[in-house]
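Structure first, commentary second.
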Amino acid sequence: MKKIEVGLLGATGMVGQRFASLLEDHPWFELRWLAASDRSAGKKYAEACNWRLRKPMPAKVRELVVHECKPGRAPQLIFSSLDSKVAGEIEKEFAAAGHVVVSNSSNYRMEPDVPLLIPEVNPGHLALVRTQRKERAWKGMIVTNPNCTTVGLAMSLAPLERAFGIEKVVMTSMQAVSGAGYPGVPTLDILGNVIPFIKGEEEKVEQETQKLLGRLDGGKIIPGGFIVSAHCNRVLVEDGHTETISVSLGRKAAIEDLIQAWRGFRDLPQERDLPSAPKHPIVVREEPDRPQPKFDVEAEGGMATIVGRVRPCKVLEYKYVALSHNTIRGAAGAALLNAELMKSEGYLD
Amino acid sequence: MKKIEVGLLGATGMVGQRFASLLEDHPWFELRWLAASDRSAGKKYAEACNWRLRKPMPAKVRELVVHECKPGRAPQLIFSSLDSKVAGEIEKEFAAAGHVVVSNSSNYRMEPDVPLLIPEVNPGHLALVRTQRKERAWKGMIVTNPNCTTVGLAMSLAPLERAFGIEKVVMTSMQAVSGAGYPGVPTLDILGNVIPFIKGEEEKVEQETQKLLGRLDGGKIIPGGFIVSAHCNRVLVEDGHTETISVSLGRKAAIEDLIQAWRGFRDLPQERDLPSAPKHPIVVREEPDRPQPKFDVEAEGGMATIVGRVRPCKVLEYKYVALSHNTIRGAAGAALLNAELMKSEGYLD
Amino acid sequence: MKKIEVGLLGATGMVGQRFASLLEDHPWFELRWLAASDRSAGKKYAEACNWRLRKPMPAKVRELVVHECKPGRAPQLIFSSLDSKVAGEIEKEFAAAGHVVVSNSSNYRMEPDVPLLIPEVNPGHLALVRTQRKERAWKGMIVTNPNCTTVGLAMSLAPLERAFGIEKVVMTSMQAVSGAGYPGVPTLDILGNVIPFIKGEEEKVEQETQKLLGRLDGGKIIPGGFIVSAHCNRVLVEDGHTETISVSLGRKAAIEDLIQAWRGFRDLPQERDLPSAPKHPIVVREEPDRPQPKFDVEAEGGMATIVGRVRPCKVLEYKYVALSHNTIRGAAGAALLNAELMKSEGYLD
Amino acid sequence: MKKIEVGLLGATGMVGQRFASLLEDHPWFELRWLAASDRSAGKKYAEACNWRLRKPMPAKVRELVVHECKPGRAPQLIFSSLDSKVAGEIEKEFAAAGHVVVSNSSNYRMEPDVPLLIPEVNPGHLALVRTQRKERAWKGMIVTNPNCTTVGLAMSLAPLERAFGIEKVVMTSMQAVSGAGYPGVPTLDILGNVIPFIKGEEEKVEQETQKLLGRLDGGKIIPGGFIVSAHCNRVLVEDGHTETISVSLGRKAAIEDLIQAWRGFRDLPQERDLPSAPKHPIVVREEPDRPQPKFDVEAEGGMATIVGRVRPCKVLEYKYVALSHNTIRGAAGAALLNAELMKSEGYLD
């Protein structure tokens, strides 16, 4: 099979680097076009990019020239990890010009006609692009993935919602510094410290979770009928957002039922064996002190949500811990899986 | 005034070091007698103790000889920071022999006839020692302070309970490594990591909070009529436990009412100007990203609870962040203030 | 005594904050005028400055308006912690306009007619300002202090140079992140890492040390007749540069002689009891594993150099460890002591 | 080829875990027998061992029962990562009983008749076991690898010694916490700190380097005719010892000559393509700020020494930075490569 050429907006940032790394040996996609801010445009990627991943920069992107963020001769399929300050305009321009923009940026996530997707959770929401095309004069389209903190929460709630219904959720996150990009969090801010505030994060988590677990009906999403309260914090971890979650369910369920729901959770990505799909979207750890970012964040190539410590909650019904890799499953890997879903659904032909 | 001689059980540990440091220039108490495990007994404190505080070891304790943990010739007033594995037997032995044991250990906290005290929160519970003396054949007594994680929670809830009543509380802690003593948490466990489990901690927080905010009635404590759910985590912070708290109240209250309740909170320690009492037991920070352990943990000499970020909670009613110094207000300073309360109430005459 | 009004260039940076903090209760100087980049100009200090010190911002500077970096109505005595990218022009402008600029910036340190001062080491070099005034058409003057890494090295070498002569020095530094200012070192660069390179640092240390330990002769400095080799590294420490030093001496000396030279070291700042002078400019620790930044960096208010582990070196003659607070003795405190020396020498009348 | 069964003494420690991990898919060796302290003996490895590596415990060792450290039915080839407190007696007992003990412990390294080996550096020293067998009444033998800090130094010096001769070396290490084993360094000791002392380390580095670069002559080692001075420090890094090195050479050489010597360095392990041999024993990085543990420590599977920043030294001749993985190349991987060398030399038949 000839690989599909893809482009990348925001190629030099932390998430852009993850995209470049994850696309290195991708069986379907070939990264051939990079774009970033004007400061980088015109340089080779190896010069423009301050590579911060432990895995070295893929050889085949080193020599690619970084372009300005203009549609023109970019490939049809475009991944975007642009800063939200500029993503709004640029992604619109690409979509209008006929590109399929698979975006990690927050700008369009909550637009009523833009799919906010986790392929295991709400693959059917992809059909929302029909509304999008009807309502906007775009030749292309925009599809988004959730915030890095939403992902672990929504992934771990989805099987519970399907099996028992969900009513209330209280979540506290302990988020990794890579979530703030590069240079991101200054060492002087976080060494020996906790920062109990991440601008806009709690609102995103609360809203996105409801959209993700909502229902597509008559061309629009009916948000999930539960409520979420989020407390978001930054801690001194490199990769991996850890979340403590209390939840009350719609129906009675035993702890074993929850574990079974998580362990049995699978959907289109697993059924169709999409290249980036984790075999086990949810990994359940049984040790009393897991998951931990240091040991668990790389499970299933960073694409799994790891849960553990499920136990009764005196205020809601159950409580547990969830962990998710914020720049893989929470960003670049999420968008990549979205694109794979779109390909398998025929959106890229 | 001649100072009261005091002794210290568990003198070489992290909390023991805090006791020694806080007692250095205490106006009422003079640290004259130290005891620790057999390994240390017979050595001078400067040799027996691997001092880990930034503030140097007080000159006057350097030459004190460390004794075995036997009553004998110890002063009447004894602070205890013994490991809970041995505290049960040793503290009992001291109390039986006539000592007033002001303990930071967990062993007796939940005993029905042992006061679990925060002097600003439930000073009246001290009267429980009358029951204790009646029921146990002790010439002395044991008085305890709460767990280091309970303190910030209970301190911040107390003014809300008094003003509006409390119904439900969900708390997630991000706890400092000094809470695990020394050597405590291995670097290899926590560098770049979060450990979402601290053995026994959640149970302590849930139970102790109810006892602290309970009512003394007919010689026993009627626990507070609310429920608490705790999620406890270890993070890479040296001192200071940060807590995210969601709470529902018994009566309607505006955010301003909560802030006013916190700002106006004071009780016996402030009224009597006890030496270790913080002027403001609760400090309210108004910046969007505070409190933070790095900047706020030393407020009021480590004796304040610092709160911030109060805002509506979609699931319960309000949510906020609380911070408390775990080895000062959460341990040695707590016991010290308990002893000061006891002195001012005439228990040490 | 009426206090001397002083101004501060670069008031919002990390070193600017240290200046503001150290000047809070200064007996001679009163901070009355602040300046910073255009982005901050016009705002109140409390708004313009992202305060990063644990000790809170002094109340009396909170309301001061931040000015542009123009001479005009600034006080005569000006401290400068400007970024070296802009310090060259601005400091010249202030000196030309008649101000006494006591600078922490690197721009003029190695100019032949600009004193590079450590008041305990080379107070006599201050006389170089006469040459400066003769050769430049300035009504004012510029006086500088060394780089934060040079200070611990030069302070610990000075007593050895005086007593025994010095021939060769090999130094490796392990430098704190606060040395890079704010935002400075990104967490993603340094968490779990060592960065074995700091641009321009090794050259500064090698040259400045020779100038500092040089001799003023006929209106110019004859550099010290020894050679220095520096290896500079960044490590995950907040404050305090640790240095391992190997040295060969001009004359034979026993370890006890070195210790005695360090312990007996004092000069004008101590003789005149200058307000910021450490009682013991060099503190010798005898434990096998000290000095350590965590425990020793605050010695003498951050103004001492702490040495330890002196022992024979198989390649040179002796080796030892030195520690110095990089933003106090290595920056703001250094300039402050320079200004105190100048005042006591009659340069500010 | 039928795999050779091997045993492992000290199986539950950090280095023991590395052995188990590196042996997981080894083409020549099969880990079949584990031993550790009495506390672990009798338990399954999965229960006895607090696994601390990010890569999960190999499935095939999980169920192996941990034995006492007694020869008896252990395989002939034994790897040892015993604590030096007990290694002396136990390794002797195994060697006497006929086992080939390939040890990472320090006890026998400096014995005149025990090979201290780096297969790329001094493979010929292996012949020293003939002397060993003659002089000791052992049926087996002991072969050792150097200290984790020595390795990066000796590896980077070896090509320089061969090409130009070496005269003097001054080395400062910044060592990872994993070098101290588990639980090892308490967080309270190292968070935000540097510890400028590691007991016995400097002596080991100075002596071992001379033995490694010495010459086997008439059944004994003539130590290298150069001198080494080591300064050893602990920093907050998980894996990877970084070293700054100044060196003076026996003959004149240009920087390019040094780089060429490093790049061209290879010996028996590469010629015979031993399974654990790095293709490039020395990797030269040309960026101004490398090597760094975060990005470079895993080069060549942790078996390479990475050097960079070679530049003139004003005191000696050249200076550079070297990095080596302390628990792979500096411990378990080193012993493994020793065993592979022994196999290829016919010592295991």
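By letter and in written order, the chains are A, B, C and D; residue numbering begins at 1 in each of them.
Convention: a contact is a pair of C-beta atoms (placed from the backbone, for glycine too) under 8 Å apart; a residue touches a chain by one contact, two chains touch by 3 or more.
Small disclaimer: the values here were computed from a predicted structure and weren't measured.
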item: Label of the chain whose CA centroid is most distant from the centroid of subunit B; value: D
item: Copies subunit B and subunit A - interface residue numbers shared by over half, same or different; value: same
item: Whole-Å gap between the CA centroids of subunit B and subunit D; value: 47
item: Centroid distance [mean C-alpha coordinates] between subunit D and subunit C, Å; value: 42
item: For subunit A, residues that touch 2 or more chains besides their own; value: 191-192, 236, 238, 294-295
item: Residues of subunit C touching subunit B in the complex; value: 54, 191-192, 294-295, 298
item: Subunit C-touching residues of subunit A, taken from the complex the two chains share; value: 14, 52, 177-178, 182-192, 236, 238
item: Of all residues in subunit C, those that touch subunit D in their complex; value: 168-170, 172, 174, 191-197, 199, 206, 227-229, 231, 233, 235-238, 242, 244, 246, 288-295, 308-309, 313-316, 319, 321
